[in-house]
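Two complexes follow with chain A in common, the first pairing it with chain B and the second with chain C.
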Partner chain A sequence: MDSAQAYGYMLYFVSLMTMGGIYAIMCLGLNIQWGFTGLFNAGIAGFFAIGAYVSAILTTAESASHLGGYDLPIALGLVGAMVVTAVIAWLVGLLCIRLRSDYLAIATIGIGEIFRLILKNEIWATNGARGIAKIPLPFETLSEPWNKIGFMLLVLAVVAVFYFVIERARLAPWGRLMTGIRENEQSARAAGKNVERFRIEAFVCGSVLMGLAGGLMAHYIKFIGPGATEPLTTTFLVWVMLIAGGSGNNRGAVLGAFLLWGIWSFSEVLTGRLPAELAVKAAYFRIFLIGLLLQVVLQRYAGGILPERRPTTNKVA
Partner chain B sequence: MLTVDSISKRFGGLTAVNSCSFTIEAQSITGLIGPNGAGKTTIFNVIAGAMKPDGGRIQFQGADITGRPAHKLFHLGIMRTFQIPQEFGAMSVLENLMLVPAEQAGENLFHALLSTKKVSLRDKEIRERAIDVLEFLRLTHVIDELAGNLSGGQKKLLELGRAMMADPDIVLLDEPGAGVNPTLLGDLAEMIERLNRERHYTFCIIEHNMDMIARLCDPVIVMVEGAVLMQGDMETVRADPRVLDAYLGGDVYVAPN
Partner chain C sequence: MDFINFYLIPGLVLGSIYALGAIGVSLVFGILRFANFAHGELMLIGAYTAYSLMQFTGLHPLIVLPIAMLFTSLVALGIDHTFYKPFRASKSTIVIVASFGIALMARSAVQIIWGVDTFSYSSGQIQMPMILFETLRLSPKHVWIVFSSIVLMIVVHVILTHTRTGKAMRAMSDSAELAQLTGIKTESVVKATWVLGASLATAAGVFLGWDSHLHSMMGFYMLLPMFAAAILGGIGQPYGAMVGGLVVGLAEELSAYPWLGDSPLLSPAYKAGVAFALMIIMLIWRPSGLFRGRVF
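Up next is the complex of A and B:
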């Protein structure tokens, strides 16, 4: 292996870790919603898209083709992405949170798609199908590969921080309460818990992470357009990651994200080598394979690779 | 303490509770008996806020609580258990108990993350209380077991355990003895007596075990077809031919004496 090839592999690894990390943030968010609290959010793509566009609009240089840009620091863009996603998730929560789990899924699919359609069609704000380009990348002044490595480390640090925060919250009375709501809503009510309020809280917390992931993705690929927020590569993939990794288990959520992203990305490399007329079909074949893989994992590990574990008296799980 | 005034509850064409009225005195242990389908569980659901009545009023400690949601009634001091156990299945038995108490600062996300000292002190307190309750219920050996894996009788005991964690003013027990090991039934009755005597809990107990009702309850309210048939001490209830009549064809034989 010559050094150019080694360098190429290294860059590929860095991109795997970066993308895996961004998905891990979404997975942790879905874990709060579904894993802890039993909320079936099927509109991940919508919250991801909101975060991506908000951060893009806040941080790009002023442009005639879309709203802003406001040329703000990237950190503020990401904070803005989280704040806007939180407000929108809260409004969605107020509307939908009383719905039973299957209806919540249907409602969030619809709402997620509405967000995406708005972002696609409000051309004055988002430049429509042509998307927003020239989104700044952190560490841009560094030369390659250090800018990419820097961004990877930033993403991994965000994953680590949220992992510890969410794990602590899970083991606190907060997490216990959320899982109580998941396990038996009626009994949680009889024990004095304001089920609606806490479900909204979990929904907002999880969605904020999806918005943050959207923001990070926008900065990473430096461009955001409708194609980057397809439900297939957000909602569907994040669900598979969480279920395969282990719903209810934060380590499982992170593991599932990196593992599945690795497989997804690798399958793209493989199908990329197919002749062009097969390549279109291959994209569908990848989805089929991922679904099949999920089946196989669940046959062997019913609760995912790292299933949920409850704390016990002799050790904290 | 608790007054049920002409409460009605219909399910489609079926009138489960039909203008039902009774009063539960503070610090009493009131029995609520009647054949299956009499509407006993439904009246509990209405009192505890799990269902809204179609008519009538409920007063608790002087306040009108009709139609208030369940979680608010809990904080006013009303705790209920379920006839069909409603455990938190995929959580440990200890967690099932620790979840219940009010005033857990750690239920607030910011406190859970930032005031960890305060939160863990309170959690330790709650844990010790839960361990006491489990000892009382002789469930210590399943403390780490997932509640969903318990036997039917153990789940019933856990229902009671959750009520004990709540520190309520009034406890509505829906068939606490059903499926519980007979050797434990005596303990159960004794425990209810003690909670009533020492902690001044008021109880309202739905139960088909007439020995238990006879031992614990005064007065006893008899419900038939959604309304109160009669009310009195167990002797009076046993002596009333209408009660026996109501039960005929039912699953419980009320010994005439």
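Up next is the complex of A and C:
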């Protein structure tokens, strides 16, 4: 193996860890919603897209083709992405959170669709189908590969921070209450808990992470448009990551994200070597196989790789 | 007259298509107790199967429809047996995740077999609309779609009210436990539900493809309006689903009519939002739907 080849492998590894990390953030978000609280969010890609667009609009240089840009520092762009996603998720929560899981699932699909329509059609703000380009990458002044490595470290640091915060929250009364709402809403209500408020809290917290992941992705690929990510594939991948890793388990969520992204990316490398005609079809074959993997996990290993472990209580009944 | 030609008639056509799809969504929801996210993909499979049959035989869509219905029913039964049956006893939320996966698997299967290009049932020639009373323009395919939908809905009505299976389906939709106590074989009712749902979905898919064209995302785009229609009519209420489908279809088309001033009331780009808004209003205001369906 010569040094150029080794360098190529190293860059590939860095991109794997970066993308895996971005998905891990979304996966932790879904874990708060579904794993802890039992809220079905099928509109992950919608919140992801909002975060991506907000951060892109805030940080790009002024442009005639879309709203802004306001040329703000990237950190502010990411904070803005989280704030805007939080506000939108809160509004969505007010509207939909009382719905039972089945209805919530349908409603979130609808919300994701409407976000997509808005981003595609409000050309004055988003430049429509042509998207927003020239989004700044952090550490841009560093030379390659250090800028990429720097970004990877940033993403991994974000994953680590949120892992510890969410793990802490899971063991705290807040997390136990969320599990209580998931397992038996009536008893949580009987215990005097404001179930709606806590469900909205979980929904907002999870969606904020999805927005943050969107912001990071926009900076990473330096472009965001309606076609940059296929919304259903993104949403679906995050779901498979969480279920395979272990719904309700934060370590499982992170592990699932890196593992599934590894499989997904590696299979793309393999199918990329096929002739063009077959390669297009192979892309759909990969989605089919990921779907099949989900079914196998659901039926045979319902807990995932790292099943949920409830915090033990001091009292023994 | 523009109102009738370009808003009311397309609304009725779309409404009939939604109604056919929504009956299946509503019955599956009522009898199997889960929101089947893959229902749009049954439409997709039905529509593409009909396309291949037409290519193969050169026959009219309405003639190949029964064969496509049969094929889609078999696919639905196979999916149910392999992927949904293991979860019959568990919490319904797990099945929704499974059906979400099935939807993507079914769509990618269609994309692998038929590719992602759009197809059309009509091979190029444009049928001239009939002109009635000098200003009313009726396209023959629209007449056929609405007429066939009405026939199919009458068939559904006869099945539900005059056959043992149909009565058992309604009983199970009302209360699965009571139905079981009276000796109804639940598994055979479940099978009948899938056959009925898949057949109607096939008809909806073929009509939609006939009205416009076939593409691999058509099933997904139908999902929201179909659920809106089913919820509007009341879950588990097939007649409610018919009315709900018409209401959603008409609302989507009529929302683009210039009711105030000269510009469309709502930009046609946001049509999909109409179904969503109707659904949310209904779920908050009256979750049991217009026809007093079940609330889960």
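Odds and ends about this structure:
Throughout what follows, the second predicted complex is superposed on the first by the 303 of 317 C-alpha atoms of A that agree within 3 Å, B and C clash if a C-alpha of one lies under 4 Å from a C-alpha of the other, contacts with A are read in each partner's own complex, and residues count from 1 in each chain.
Just so it is clear, a contact is a pair of C-beta atoms (placed from the backbone, for glycine too) under 8 Å apart; a residue touches a chain by one contact, two chains touch by 3 or more.
Values in this document were obtained by computation on a predicted structure and should not be read as measured data.
Overlaying the two complexes via chain A leaves chain B and chain C side by side, clear of any clash.
In the superposition on chain A, contact of A:E308 is made with chain B only, not with chain C. Look at A:F236: by the touch rule set out above, it reaches chain C but stays clear of chain B. Once the two complexes are overlaid on the shared chain, A:K193 sits against chain B while remaining clear of chain C.
Of the two partner chains placed by the overlay, only chain C lies in contact with A:Q295; chain B stays clear of it.
Within the superposed three-chain model, A:V204 lies out of touch with both chain B and chain C [touch as defined at top]. Applying the stated contact rule after C-alpha superposition, one finds that A:A169 touches chain B and leaves chain C untouched. Here chain B and chain C are compared by how many residues of chain A each touches, and C touches more.
By the touch criterion stated above, A:G180 is placed in contact with chain B alone, chain C being left untouched.
In this overlay, which is a superposition and not a single complex, chain B and chain C have their closest Cα atoms 10 Å apart.
Overlap of the chain B and chain C contact sets on chain A: empty, with no shared residue. Note for the complex: chain B touches chain A at residues 48-50, 69-71, 74-75, 79-80, 82, 86-92, 94-95, 98-100, 102, 104-109, 112-113, 116, 119, 123, 143-144, 146, 162, 166.
Across the interface of their complex, chain A is touched by residues 29, 34-35, 37, 83, 86-87, 92-94, 96-98, 100-102, 104-105, 107-109, 111-112, 115-116, 220, 223-224, 227, 231, 267, 269-270, 272-273, 275-276, 279-280, 283-284, 287, 295-296 of chain C. Against chain C, the residues of chain A that register as touching in their complex are 38, 40, 42, 95-96, 98-103, 105-107, 109-111, 113-114, 117, 120-121, 232-233, 236, 239-240, 243, 280-281, 284-285, 287-288, 290-292, 294-295, 298-299, 302. Every residue of chain A that touches chain B in the complex is listed here, in rising order: 165, 168-169, 172-177, 179-180, 182-184, 186-195, 198, 201, 205, 308, 310-314.
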